[in-house]
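What follows is a group of structures, each given as structure tokens.
Here come two complexes built around chain A, the first alongside chain B, the second alongside chain C.
Our next item is the complex of A and B:
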């Protein structure tokens, strides 16, 4: 109880710049969307089916996380309240990925 | 400049990915024409696809907004000299000018002016003003 209250106080003591957080979140959303599009295109071109496509998606998520950490120069917590470079917005990412995966598979391998 | 490079990386990798798609489609078309079963894509198409994927993720990551420092202190990277610089407190009119050699020349000029004023005051006293004036005129002539 005291630990939780002290943690809450610590978090309340942090003064965050809301405009900067919004800007960084927009950058993450943009990056996640483009990464999902790229992974979907690649999966469709390579003709992956089933779980292999999702494996490629998570490999690209790992690549994206590494590139984001390079962009933040190894100092992630100066730009984001918590460490979420791997777990950012997979719902939208997976939907975009499946959309482009199916589209490019159809264009390349079916028609 | 950097944004242009990342934009170029993004565009080139996107075109390369579309080129891979076209190559794969042509490969499937060729297999269909020659009635061969599809086993896998040629290795060069696979390699180009993977490289284009990594380059596209890299380019779009750096093409997005740059990350901003989220603490309230937006000037965390300033040096101490920058932070302690107070232009409003700078005073340009102070006693340091007395130390300069130009001020010494000004001082001597003022002293000479005072001496002249004292001598001119002496002329107003007594009956011998005419004599003193004539002497001063001769002094001026000698100076000239």
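Our next item is the complex of A and C:
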């Protein structure tokens, strides 16, 4: 209950520190890119094709979301305005993932 | 699994070099732009304007925690007819950014050069040197619509649409490396061609009102501050 009211207050007062938010968002972006790189490499080297690769990507997203939530001690909203940890920046993440997946798949399995 | 065998030499001399070249061109672009672009000079007046506006907004939002006299004193300081900063700023003569200013012209020219030279020279060179190779295969099935996108420069009707030609591989790298540049160079990098293109498009779109008139912002803030009904919250 208190959590809810404080959330509402936060939205009204805009008492987020913009510099801190920018820094947090950068950290998230960094984490997302690293995660999609790692997942892409793994998928390419393992030679996953089709949906299996995307499933691997989303598994890694899930793992990362759990890690983020642990890191923020369950208090996601005190670090970020409103996004939730599962739907963060999938555009860039998927692009990176697909690039590395294609690259490593090509290097290892096509030739 | 692969119905088409590719020469491993293609991997060594086409597939890998495209990735490496695209990546290092991006890095080079970043450092060259650091070299050429001088930092935007910020004028003292603009900073003062921004800070005063911020201050007025904070007073408006959090003024209810101040006693009435303190609130009124601050409001008076900001909005007084003759001496308040917000009122004075409204009377200032307009001075929009001058588009014919030579220093800005050179900046714009430099920016355009930074976009165009890598685009034309490197893109053209890659297309010319590495044209006509089938380089790799995407590990997921794609529909025929993707053939035009992924097989530029290779016009084979019977080729499965999952195969990627060298020219398209270059474009794929160009777009996909964006977040990796962020990883390597930090978030304020200039390596990214695709982003630069977007910026340019946004710039041409917003050319009609290049910079919002600060006087309008001051007027709005002044009015809002005049209108507010002070109510002590504590």
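Heads up, the rule we're going with is that the second predicted complex is superposed on the first by the 99 of 111 C-alpha atoms of A that agree within 3 Å, B and C clash if a C-alpha of one lies under 4 Å from a C-alpha of the other, contacts with A are read in each partner's own complex, and residues count from 1 in each chain.
Just so we're on the same page, a residue touches a chain if its C-beta (ideal position, glycine included) is under 8 Å from a C-beta of that chain, and two chains touch if they have at least 3 such contacts.
Computed from a prediction, not measured in an experiment: that's the story for all the values here.
In this superposed model built on chain A, chain B and chain C occupy separate space and fit side by side. In the superposed pair of complexes, A:107 makes contact with chain B and with chain C alike.
Using the contact criterion defined above for the overlaid structures, shared-chain residue A:81 touches chain B, although it does not reach chain C.
Of the two partner chains placed around the shared chain by superposition, chain C is the only one that A:98 touches, whereas chain B remains out of contact.
In the superposed model, A:62 lies in contact with neither chain B nor chain C. When the two structures are aligned on the shared chain, A:20 is found in touch with chain B, with no touch to chain C.
By the touch criterion defined above, A:49 lies against chain C but remains apart from chain B after alignment on the C-alpha atoms of chain A.
In the superposed model, A:30 makes contact with both chain B and chain C.
Between chain B and chain C, the shortest distance over C-alpha atoms in the superposed arrangement works out to 8 Å.
With the contact threshold set out at the top, residues 14, 26, 30, 34, 44, 47, 107, 109 of chain A are in contact with chain B in one structure and with chain C in the other. Touching chain C in their complex are the following residues of chain A: 13-14, 26, 29-30, 32-34, 36-37, 43-44, 47-51, 53-54, 92-93, 95-96, 98-103, 105-107, 109-111. Against chain A, the residues of chain C that register as touching in their complex are 1-2, 6-8, 10-11, 15-16, 19, 61-62, 135-141, 164, 172-173, 175-180, 182-183, 187.
Residues 17, 20-21, 24-25, 28, 38, 40-41, 45-46, 49-50, 52-54, 56-58, 60-72, 74 of chain B are the ones that touch chain A when the two sit in their complex.
Considering their complex, residues 14-17, 19-21, 23-24, 26-28, 30-31, 34-35, 38-39, 41-42, 44-47, 60, 63-64, 67-68, 71-72, 78-81, 104, 107-109 of chain A touch chain B.
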